[in-house]
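For reference, the structure discussed in these notes is given below.
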Amino acid sequence: MIVHERAVRFEEVDAAGILFFARYLGFCHDAMERFFDGMPGGYVDLITRRKIGFPAVHVDGDFTAPLRYGDVARISVSVARIGGSSATLSYAMKRARDDVDAATIKHVVVATDLTTMTKLSLPADVRAHLEAHVT
Amino acid sequence: MIVHERAVRFEEVDAAGILFFARYLGFCHDAMERFFDGMPGGYVDLITRRKIGFPAVHVDGDFTAPLRYGDVARISVSVARIGGSSATLSYAMKRARDDVDAATIKHVVVATDLTTMTKLSLPADVRAHLEAHVT
Amino acid sequence: MIVHERAVRFEEVDAAGILFFARYLGFCHDAMERFFDGMPGGYVDLITRRKIGFPAVHVDGDFTAPLRYGDVARISVSVARIGGSSATLSYAMKRARDDVDAATIKHVVVATDLTTMTKLSLPADVRAHLEAHVT
Amino acid sequence: MIVHERAVRFEEVDAAGILFFARYLGFCHDAMERFFDGMPGGYVDLITRRKIGFPAVHVDGDFTAPLRYGDVARISVSVARIGGSSATLSYAMKRARDDVDAATIKHVVVATDLTTMTKLSLPADVRAHLEAHVT
């Protein structure tokens, strides 16, 4: 499990004054990138040099408390399941100031050749990194 | 059912060159606002004058085809379920140029007093509008 | 001159409750894309097929009235100057509900080969389109 | 002068593959918030408790090098001028990996009562903080 903290930025709230719900997924993507930082070159190297991406095929989330400007989200990322081409990441997001659960999100990604946009088997190093973080 | 079309904007793709997955939810929110345009004042009036919002408590989505810059998403919104305070909206998103299914998203919202951030019973006019669009 | 209208979306305000200032430039970019829609294939074709982009090298703007959720920006685009590789676009943005001036923005772009990221002479068709809209 | 570093995120590039020009201003706003972190409570306290904001009235920027996914922007913030209600902030943005100048941006903000949206004299503590950072 890795933990990533990120503050809600000034421009990330909506007209209701709370973090826009779609942005929770962006926060999770950031946490996933921090997860891949454990590999040499991180997510940037996968995307820009190796042209391997991990588009979402499924997302499932429960939102239990709002975040406002000034709040910090503390996101714990773990690996729930590894398939041939896919992986399921789990994110538990807390509001740091009071440790309240803010969201629980499941995110299924599929290793994809970004040039052809076709499915790939999980590369061996990616698989090993995922396996090291299965809950 | 109401149908909303929206083009993928220049700034909405990610470093993999496709519509960032979190933004699909933003597209759905736009479609939900268009849905509420069927009520006098629309979503803007609910939010800004009546201070009633509809934060998401649950989201569930399958992503089946990428959208790129220049693609248009055609989103059909319908109401799948109405509770005391909540409603479940369903979105079927197609890529307009080839009519391929791009995503199917379920979105559970709860009527909320934006001043106190507490749950409300669905206001009668909102309930009536939702009921008129149950699939 | 071409005119483009765009509503401020639910997620585009900031924690001060007004359209985040950086997003005014995104609104102008949309208006610029609508301007290029006057050419066959529009901006999408330039970017995705011809790999010709128009990155900004200079921006200059005065902001004179806030826009809120529900407001519509009415943006008039014109061409102020054409160089060998560059063009200067001018945007006059009004708040549609009361016709108040919201912003005046100048935007200098340079035709760029997106593969090599080097400057290009303005392609003949682009130049002709720009010339047809000089104020 | 304070210095703020921020990586270009996966979702912040545009269809040309570079940091979308409007987002440079968002990066500057982040740097400005870090600047105000030098005051007790920071920008968050100003906005959310004191209801004092600093909307932009003018922006002026030159963009000299693109940033891509994986690049880090190193932004130096200083105060160029202080008026009765306004302040001019200067941002020098470098691409961290090669120390190339990426952008130079000038940003004029006006102290504003967010409840009435009227101009305020600069509060004494804000003025003192600005004065301590004049270049």
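A, B, C and D label the chains in the order they appear, each numbered from 1.
Going forward, contacts are C-beta pairs under 8 Å (C-beta built on N, C-alpha and C of every residue); 3 or more make two chains touch, one makes a residue touch a chain.
Worth saying up front: this structure is predicted, and the values here are computed from it rather than measured.
**Student:** Under the document's definition of touching, what chains do chain B and chain D have as common neighbours?
**Tutor:** Where chain B and chain D share a partner, that partner set is A, C.
**Student:** Among A-B, A-C or A-D, find the interface that matches B-D: by residue number, over half of the contact pairs should be common to both.
**Tutor:** Repeat interface, by the over-half criterion: A-C.
**Student:** Could you let me know which interface, B-C or C-D, is made of more C-beta pairs in contact?
**Tutor:** Of the two interfaces, C-D and B-C, more C-beta pairs touch across C-D.
**Student:** Could you please state the distance in Å, as a whole number, between where the Cα atoms of chain C are centred and where those of chain D are centred?
**Tutor:** Roughly 22 Å, centre to centre.
**Student:** How many angstrom lie between the centres of chain B and chain C, each centre taken as the mean Cα position?
**Tutor:** That pair's centroid distance is 28 Å.
**Student:** Could you say which residues in chain A touch two or more other chains, in rising order?
**Tutor:** 10-11, 15-17, 20, 22-23, 26, 29, 47-48, 68-69
**Student:** Hey, how would you classify the chain contact layout here, line, ring, star, complete or other?
**Tutor:** Shape of the chain contacts: complete, all pairs touching.
**Student:** Once bound in the complex, which stretches of chain B touch chain A?
**Tutor:** 15-18, 20-26, 29, 47-48, 53, 55-64, 66, 114, 117
**Student:** Quick one: in the complex, what on chain D touches chain A?
**Tutor:** Per the touch definition, chain D meets chain A at residues 9-11, 26, 29-30, 33, 43-44, 47-48, 68-70.
**Student:** Hey, which residues of chain B end up touching chain D in the complex?
**Tutor:** 10-11, 13-17, 20, 22-23, 68-69
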